[in-house]
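Paired with subunit B in one complex and with subunit C in the other, subunit A is shared by the two complexes that follow.
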Partner chain A sequence: MSEGAHHPAPVSPVEQRVAALEALLTERGLVPGGFIEEITRRYESQIGPMNGAKVVARAWADPGYKQRLLADGTAAIAELGFGGPEGDHMVVVENSTAVHNVIVCTLCSCYPWPTLGLPPAWYKDPPYRARMVREPRALLAEMGCPLPGEVQIRVWDSSAEVRYLVLPQRPPGTEDMTGAELAGLVTRDSMIGVARL
Partner chain B sequence: MSRPLSLSDLDLPRRNGELAFDAPWQSTVFALTAAVVDFAFGGDREPFRQQLIKAIAAEPGRPYWESWTAALEALVQTLPERRTTHALTKRDRKCHGLGVPDPPSSSRPGISSITR
Partner chain C sequence: MDGIHDLGGMQGLGPVVHSPAEPVFPDRWQAVARALMVIVAGAAGVSGGEFRHSIERMEPGHYLTSGYYEHWLTAAATLAVEHGLVTRSELEARAGGRFPLSGPVLAPPVAAAGPDVTEPRFGSGDRVRVREWHPPGHTRCPGYVRGKAGVVVRVDGTHSVPDVEAHGTARRCEPTYSVRFDAADLWGDGQRGVSVHVDLWDSYLERS
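Up next, the complex of A and B:
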């Protein structure tokens, strides 16, 4: 309980609670040495939307891969080496000129970690979680993604197991681009569905 | 067909978004949760998810990572004492695919069958 006694900066109540949890779980043998550092390093530098961007770029460039991706998202994403927690039951939903898909978690913050990393702050906030279901067209417009009235919006609420990834439309004029160049066009927000490319 | 991509082809994830964590305690509580899910619940995230849903519903305006902390505290309260004594089997370690070293070879044989 007194680990923080030599810290020069004041420790907030929540920091104290996390320190207490760490001490308790370590004492119970649940935290291997180096585990916290390894998980942090992974989610800060290895796991993020650049993984999803590679999936999207591959689907744009390879019709066979796209077919597999839409049929079995988890398996096709694993082909590129991505998988793990929050990615065991992936469903990829494809945008078209007629249909726009967007993902949300109304109850908490479910999100496809292996392909998008951890969710942005706004995704976890009550306004997004409530309004994306109630008034998606208005909210998308406010977020800089106005859609023509004839475009149908499909909102995918993450259930207990399924995690969704939006496959954005390939921008025109990109026919000669390499896979890496294509991946560079793909934004996190386009794979959540709050932006179009 | 596109050529295979490598990590170096692209910038780090933060280019496309924001930092994963705003403070060290947030990454710590995230990793502690991963440890509990992996080593005490065999990789099943649903019990934690249910606690997180409850914590967010209880105080919708509370900062997200504080709700997360409350959820982990509640989850830890549900842990039977005896389950944690079988933590850190080789099988459990694979849940996150981590290269964490195995426990000393002197640890009890047959331990993985206990946690199966």
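Up next, the complex of A and C:
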């Protein structure tokens, strides 16, 4: 028998609290069998930035789609099969050489789940939420996205029901790429607006 | 409430610890905590506003020193107690120790929500000013824009007012607007070429 079997990893206080609430709700018949596993699997494997990357790649390759996407983000994103909670009212904001967009939620951590998945830890932590509305140029530079002084910065605080997606600029030299290849270029950070491609 | 969650513009919080990619749930308890909040919300009929307010009511030190899914856990447990699904003593007995919950609601329940506002009062290009007020309950009006003037850039549909839905079963719908503020006006620091857009309900605004 291994040493580990005698000394299992200690359970942290927060894990004990989660287990306590789970046990009590289960005893009251409120936790459907398999629910936790199913909802977790969905966000781990089906919903994530690979969805948003398909939207961006399509907009790069298809001017008609791009026009629809900027006019009615929710409907155009639904054309590709993406929608649902935190994606019911989508607005897509387009980057150009003159304008850079970046999204934040200062009050909690609102984020477009169907296209980007669940938000990363840094997006939800206090420093990003506090600083992106106050000193975006400095913070973007600090995060590896320095912008020339003449580039306008538009920060979008997701404080009501709209969720935002940044449409990054298509990199040069990608004219011959397939849709899948284009989607492979699109990073999560470029769709939040903390990176350029 | 003027709570710890209203972070826009706060200084001294340090660098953003950025990573280009990470697991969706680094630890399993985080996935479970998230799912339990969904379960409590369904079982108790919790609105989005009530859910967010239950996080905003966390003790500030706890809020700042715990991560997102510990916020969800605290919200789930607080709402489960407040809606009578479990008791605090049961939680603490099972957890084998203290189980921190969020503080009490400071605002009275909203009994009468008033009529829905169906027609937008403002259109794109209108100058508006955010009301300067400090409601004790839930609001989605960030502190850093209160009293500030901006320009409407988009009119969205009508949506349930969070300040109402967080405090009872009454509901009122109003249009929301995306309002553009010049960052230099917000912070008085002369920064150039930066605008901050905040999405605000109709009743948060007055004509400027």
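In this section, the second predicted complex is superposed on the first by the 183 of 197 C-alpha atoms of A that agree within 3 Å, B and C clash if a C-alpha of one lies under 4 Å from a C-alpha of the other, contacts with A are read in each partner's own complex, and residues count from 1 in each chain.
Heads up, the rule we're going with is that a residue touches a chain if its C-beta (ideal position, glycine included) is under 8 Å from a C-beta of that chain, and two chains touch if they have at least 3 such contacts.
Note that this is a predicted model, so its numbers are computed, not measured.
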Review point. On subunit A, do subunit B and subunit C fit together or clash when superposed?
Key: clash
Practice item. Figure out whether A:R188 sits in contact with subunit B (first) or subunit C (second), or with both, or with neither. Key: both
Check your understanding: Touch check for A:I39: first (subunit B), second (subunit C), both, or neither?
Key -> both
**Study point:** First (subunit B), second (subunit C), both or neither touched by A:V151
**Key:** second
Practice item. Answer with first, second, both or neither: which of subunit B and subunit C does A:A160 touch in the superposed model? Key: both
Check your understanding: Between subunit B (first) and subunit C (second), which, if any, makes contact with A:R58: first, second, both or neither?
Key -> first
Check your understanding: Of the two partner chains, subunit B (first) and subunit C (second), which one does A:G117 touch, if any: first, second, both, or neither?
Key -> both
Check your understanding: Which of the two partners, first being subunit B and second being subunit C, lies in contact with A:A23: first, second, both, or neither?
Key -> second
Practice item. In the overlay, answer first, second, both or neither for which of subunit B and subunit C A:E135 touches. Key: second
Point to revise | subunit B/subunit C common contact set on subunit A | key: 12, 14-15, 17-19, 21-22, 24-25, 28, 30-31, 35-36, 39-40, 43-44, 48, 107-109, 117-118, 120-121, 124-126, 160, 187-188
Revision key, fill the gap. Residue set of subunit B touching subunit A in the complex reads 1-5, 7, 9-21, 23, 25, 27-32, 34-37, 39-40, 43, 45-46, 49, 52-53, 56-57, 60-61, 64-66, 69, 72-73, 76, 79, 84-85, 87-88, 93, 95-101
Point to revise | Complex contacts: residues of subunit A adjacent to subunit C | key: 12-25, 28, 30-31, 35-36, 39-40, 43-44, 48, 89, 91, 106-109, 117-122, 124-131, 133-137, 139, 142-144, 149-162, 187-189, 194
**Study point:** Complex contact set, residues of subunit C against subunit A
**Key:** 5-11, 13-25, 27, 29, 31-36, 38-40, 43, 52, 55, 64, 66-68, 70, 73, 76-77, 80, 85-86, 90-92, 94-97, 99, 140-142, 144, 154, 156-157, 159, 176, 178, 183, 186-187, 191-201
Review point. If you look only at subunit A, which of its residues touch subunit B in the complex?
Key: 12, 14-15, 17-19, 21-22, 24-25, 28-36, 38-40, 43-51, 53-54, 57-58, 61-62, 80, 84-86, 107-110, 117-118, 120-121, 124-126, 160, 178-180, 182-184, 187-188
